[in-house]
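The following pair of complexes shares a single chain, subunit A, combined with subunit B in the former and subunit C in the latter.
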Partner chain A sequence: MNVAVTTQPKRKPSFGDWLKTLTFYELLVGMKATLTHLLNYKPITLQYPHEKRLLPDNYRGMLALLRYDDGTEKCVGCDLCEAACPSRVIRVVSGEVPGEPTKRYSKEYYMDMTRCLFCGLCVDACPVDALGMTREFEWAVYDKRQLHLNKQQLLAIGDRSFPVREKRLELQHPNVAFFNVTFKHLPQKEN
Partner chain B sequence: MEIGLRLAVSLAQIAAVMGVVMLTVMVLTLAERKVLGWMQDRMGPMEVGPYGVLQPIADGLKLFFKEDIIPAGANKFMFTLAPILALVPAMIGFAVIPFGPSMTIELFGMQIKPFVISDINIGILYILAFASIGAYGIILGGWSSNSKYSLLGGLRSAAQVISYELNVGLAIVGVILLSGSLSLVKITEAQAGGFWNWFVIAMPFPQIFAFVVYVISSVAETNRVPFDLPEAESELVAGFFTEYSGMRFAFFFIAEYANMILVSCVAAALFLGGWNAPYPGTILGHLGLDALAWIENVVWFAAKVYFFLFLFFWLRATLPRLRYDQLMRFGWKVMLPIALGNIVLTAIAAYFFPR
Partner chain C sequence: MPDQKPETVRLTIDGTTVAVPKGTLVIEAARRVGVMIPHFCYHPKLKPDANCRMCLVEVEKMPKLQTACSTPVAEGMAVRTATTTVDDAHKSVLEFILANHPLDCPVCDQGGKCDLQDFSHQYTPTTSRFTETKRIFQKEYFSPLIETQMNRCVQCLRCVRYCDEIMDVKALAPVGRGTMTEIKHFGPHELDCEFCGGCIQICPVGAITSRLSMYEYRPWMLKRADTICTFCGDGCRITVQTKGNELIEVNSAHGAGRNNGDLCARGFFGFHASSDADRLTHPLIRREGKLVEATWEDALEYVAEQALRLKLAHSADAFGGLITSRCTNEDLYVFQKFMRQVIGTNRIDSSARYGHLNGVQALRRVQGTHRWTIAFEDIVAANALLLVGTNITETSPITGLKVKEAVKKRQASLVTMEALQPAIDTLSNITNLALQHFPTHPAQFGNTVLGLTKAVIEGNLVDATLAQQAPAFVQRLTSALQGISWENLEAVTGQTRTQWTETAKILAGANRLVILVGNGVLRHPGGDATVTNLLDLLILLGKLDKPGCGLGPLAEENNDQGAVEMGAVAEFFPGPAPLDDQPVRDRIATVWREELPRTPGASLTEMLAAANKGSLKALFVVGENPVGTLPAEAQAAEALGKLDLLVCQELFLTETAAMAHVVLPACSYMEKDGTFTNSEGHVQGVRQAINPVGDSRPDWEMFSALSVLMGSPLEYGDAREILKEIRTVIPGYGLLGPTPTPPKVDQAVLSGYLTQGFAGDAATRYAVSQPRQTGDGSFTLMFVQTLFHSGKLSTHSKGLLQLQQEGFLSINPEDAARLDLADGGQVKVSNSRGAITTTVKIRERVPAGLLWFPEHFDGEAKQLAEWTIDPRTQIPYFKLAHVSLAKVS
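Let's look at the complex of A and B:
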């Protein structure tokens, strides 16, 4: 078998090199390393189902829909999350709030979590902070259809993960408020 | 009557040795994973039982209840034969291993050697012969599976056999020259009386080179890292037993570990004095407890065997796998000349300074 090998400039092997080859010096160095680890045994394993590591504050886990403190949904059905999602996880069916023609809400809200890559772009896109990322990650299921979540399920996840709810902002007249957020550069109305 | 008794005693001895070997295999499967884990800063199996000590039982149950699959297109006869052909030679070699002092006891008017099943005068030759049959199990298993991974594993095993088999035989010749016998019992007895009589360092010519050659070759013989070419899990899935499942897989698995124990026993008996303590006699014997001295000898034998078994784990945790051209080059161009030179020098030394 003739294989072209780029040879390094040849150095005459010294007596030390010869002795090292003869006594398997490199092997002994490696074996010393493994034995040192055996004698100073400090495992870095976390026994996962029994012990869980502390998750960071900005952990991006399961998505959830949130509510205001009076129990009403934050979502205004604007479809921006659907537009922001790179994996087309989210599908929103928007509708008018009955009796209030200027306000909208999401009639239906679906998430296909089998495709979600947990980038958090939908959370950033949401103008009313209606989406949140929880710290739940143990979502292994036997049937992948269980990961097609509807609005009720997403709200339930939000309810159990965010027990402290945000206060509803009443900064503008409810009939003109589409995005119920503060506009700091505009003078605020007195109610 | 006489023959019946003798048969019963032999069967009892075989059952005891097999029991100890199978128990050691069980311990080894756990010990390997634990030691490997500890060396790599892991914990090893921790789930079954306290600190995972019952893992071998769980593994055994799992393998026992697994579906036994014969792949379509496999040669059924060879496929069935291969695991047996791998396991039997690994087990049968223990027949000539002396586990303890070669004393005889009187039982029902018969002379019985309790620590060796059969002291045949060609013991080491018998082990070598059966060890090479074990390789047929691997090659046949690889060939009959009708799978490219298995076939490649079998081919590599064939390439490996021709590079280590010769060196094992030649490394042992020096010891045979010094002891003047092929019987493992006689070889062990020739090393009695302290560690300076062990053949690794014994005068007139220390067999240290032969010992190193034997240990390296025996690692290759048992298909262990760094010579696990037939298995090569990162290249060939599982090599020759890719297609095996259930108890057939377990047979290959047990055969590998039994082979490890066997070559460790042979290495201990040939080079490290077998059941002899590293000091003259035994402590229990010096204390006047001659009847119990065998315990000390058996413990020494077990300690030497377990040292070798630990060495196998240690090498596995440390070394990467060789290519088979590297193995063949190392076998033929390095180990073979060393083994041959060792024979020549040992023969000269044994001629001028007979023991």
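Let's look at the complex of A and C:
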């Protein structure tokens, strides 16, 4: 593709231009904000950790696994969060709940928080709202392996961050009353 | 099949013109131009049922929407698949389905590969107008391996139709009406069927799923490897799905492989054998009488050292080798090359000895090929099929499906000769489809075939040209058979002359006649003679070299055919070529750059005898277990106990491996690359699906390593290099194509056979063989293969063990009533060799006077078997016993 290059004919500098150059006018414009702050000084740095910032409502912090109000885990091990995660943080190993034939859950659940982008896609993907983003962010550690969290740790985070819990699904939506239930009269899957 | 070109019809689909054969369905024509019409109940394998209404399309000049899955194309038809009306129809059909569909996707194993999910995404809004409670079915326990969740069923009946049309099992049925229709099996107990997994594969939603892999995976997590099943000679293409290094699922895509996506229980549910916890993971060396773990270096050096020492002290012929034909062609080839070149002996054998050799020898002798002259396609296209000595459903299930297809879809006439009774049962029974069935005692196959040949000759059905071309052959057979009276034949076999005559007419009248011979003949005394006589029958009918006609021996092991072709038997070099074939010997010698040994080979039984005498000092055993499989009379344990060096390459610590000096852990079929050659002679690629378990290695690698240590290296980079060498030795071997190209009858060999070749043993082949008299009881006990087990791997598969995990005695109801035996009761089975106590199972399909015992659980029972060795072919027979029964209370 041909691009026609048009050059503007050079304008002769006027007296005003000349004056601006002499007085560093442009620099002063740039420094305006700095100079104003210098004149009426008010500290904006928070003295963290003594002072803490007010977090916005939609703050996306540490991830957590949640429970229903009867204490049972919400996660059904569907693996959708794992599929949704763009940076492969999550690993779900699903299986049948021991002692509860045909009910599905995540046998193991891992999050490698060193890689998490806090995008919240997993939370969106979860069909049973088993994931939540807490307001926790103080997760600096010396050994980054400590950021490799298992299910128990993630549930614990949920427990301390979400004291108000939802009712079980079947109580909320009678129409899905048959979702992921156990059938005691069936044998457990052999392993 | 008339081979005329079918008429073509032109039509337009969404404006694209397409020409398709007459009779094609609109949905198939659309697929050809890349238009996918949504559907649930349509499946290319099944007859159209048009029950789901998902596939509605607009056809010009037709007042209403039409179901694309049941409307055949017509000249000039204009089909539209994407108009507003069609779209509305899709929406409404889906809305009705979803009105009752649970929101199970998160916990449903079909999620991610579900047609309903896909179509819903494509055609429906995300909200529903229905607020009513959904339909809920009582959840019932279905079976240990198949899980149903009827709330998810869209009532397309694909499962029911598959089980009936393809499998002929008829285990499933729809129960109830309207939306309350659910799929159930029969009877008050859990599902009892062939467990082919077909219903799992064909269900478009998650209503029928595998319990074996339940909740273990999501489709997108799985890595797939297309490989070949190891459990029988049919050679099915399987797709092994793994997560990490874990085996999750096996299935087979429609249109893939020789099996076209159909599998049997062993292929579908048997895959866990490879990851069994009992797998050997380290080499073992015997130190102070005990097998202890060792490194590969130590183990291989020990073997090489001992082998060199023994070779020096004795001769190359103090060595023997035994390999299972479940190995890949590459393993088999390197094995025989190792034995012939590095050790320098022809004393090798493989499990093809147990029966498959009978078939190959007969084919070579009469028609000059070592392979079938037919392929599966010819079975499907046959007009008449003769099955001799095969309970094909249980031994070669997929070949069985081809036979069923020929009979059910193409109205072929089926004639069966087998120790099997027609009966409706939980497994399909091929004799139910037979036009003529000869219930044949296992020792009477030869005589029953004689009757058929006699009927052909006496019915003047002999091919007219043959009588001119080979008068000697026809006359010799005619006179021999005239010497046998019908009364005599009827008396020994229990068949009737009329049935033979009728059958002869059916076979003679068929344009395309296919004969399949199974283990009942191949693995029993006189097997090769019976196969030769069947080939004679084809010759007499003038059909041996006609297109679409031929005889096929059914291999039991997945690579029986390959073992023979790779020369892993005593009498053949790779090819197979006889040991005295000088041109082949020269050709191989140029490739190997070494002379081939001139000493005669030795079969399994000869090697055992030699070991017992002390002339055999060392034995390499690959995946075989003579101590465990042969009856005590074979004296395998004694023989192997006398060896100075016994090396076993094994997956598990078998009875034989437990006696070895060194045990080397081998890879299973899931962990290696290579090729298998199936019954019909099709060479197919085996691909690695998981990493080797523990420190195990492919068998060829071990021989390669040993050869280096022993100073005459056979080095290969990978399995493909071996295949390349195989191709120089056997030109054109295994050019992997989608379908086999069966060889043609070698006319020179055939005319040689017709002039003189037949004469040598015609007198013995055409004489009534009298049943052997034993002093033992009146029942004939057969050790049979069952559908749920095959080979030495299947008893390590947790899925298959859930279907069958112990031996039991199958008995005919009349016999059971006579002896007052109840189903599930105990019975004592005894003869002069010993006695066992086992459980009784009453099955109508067992003929009176016969008893079946599954050979995979024959542990104790084996001692009852009669041990005979065919003096000519050296084939050992040990699958039969004469016993008496007594109730145990």
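FYI, the second predicted complex is superposed on the first by the 126 of 191 C-alpha atoms of A that agree within 3 Å, B and C clash if a C-alpha of one lies under 4 Å from a C-alpha of the other, contacts with A are read in each partner's own complex, and residues count from 1 in each chain.
Rule of thumb we're sticking to: contacts are C-beta pairs under 8 Å (C-beta built on N, C-alpha and C of every residue); 3 or more make two chains touch, one makes a residue touch a chain.
Given the structure is predicted, the values throughout are model-derived calculations rather than measurements.
Peer 1: Regarding the shared-chain residue A:164, is it in contact with subunit B (first), subunit C (second), both, or neither?
Peer 2: It touches nothing on subunit B or subunit C.
Peer 1: Just subunit B (first), just subunit C (second), both, or neither: which does A:27 touch?
Peer 2: In the superposed model, A:27 contacts subunit B only, not subunit C.
Peer 1: When the two structures are overlaid on chain A, which partner does A:37 contact: first (subunit B), second (subunit C), both, or neither?
Peer 2: Touch partner of A:37: subunit B, not subunit C.
Peer 1: In this superposition, which partner touches a larger number of subunit A residues, subunit B or subunit C?
Peer 2: Comparing touch counts on subunit A for subunit B and subunit C gives C.
Peer 1: A:54 in the overlay: touching subunit B, subunit C, both, or neither? Say first, second, both or neither.
Peer 2: After superposition on chain A, A:54 lies in contact with neither partner.
Peer 1: Have a look at where A:45 lands relative to subunit B and subunit C in the superposition and call it first, second, both or neither.
Peer 2: first
Peer 1: In the overlay, answer first, second, both or neither for which of subunit B and subunit C A:127 touches.
Peer 2: In the superposition, A:127 contacts subunit C only.
Peer 1: Indicate the residue numbers of subunit A shared between its subunit B interface and its subunit C interface, in ascending order.
Peer 2: The answer is that subunit A has no such residue.
Peer 1: So in the complex, the part of subunit A that touches subunit C is made up of which residues?
Peer 2: Going by the criterion above, the answer is residues 76-80, 82-83, 94-96, 102, 104, 127-128, 174-180, 183, 185-187, 189-190.
Peer 1: Can you list the residues on subunit B that touch subunit A in the complex?
Peer 2: 35, 37-43, 46, 314-315, 317-319, 325
Peer 1: Subunit A touches which residues of subunit C in the complex?
Peer 2: Those residues of subunit C that touch subunit A are 102-107, 111, 131-134, 136, 139, 141, 144, 147, 151, 211, 214-216, 218, 220-221, 798, 802.
Peer 1: Can you name the residues of subunit A that touch subunit B in the complex?
Peer 2: It comes out as residues 1, 27, 30-31, 33-35, 37-38, 41-45, 47.
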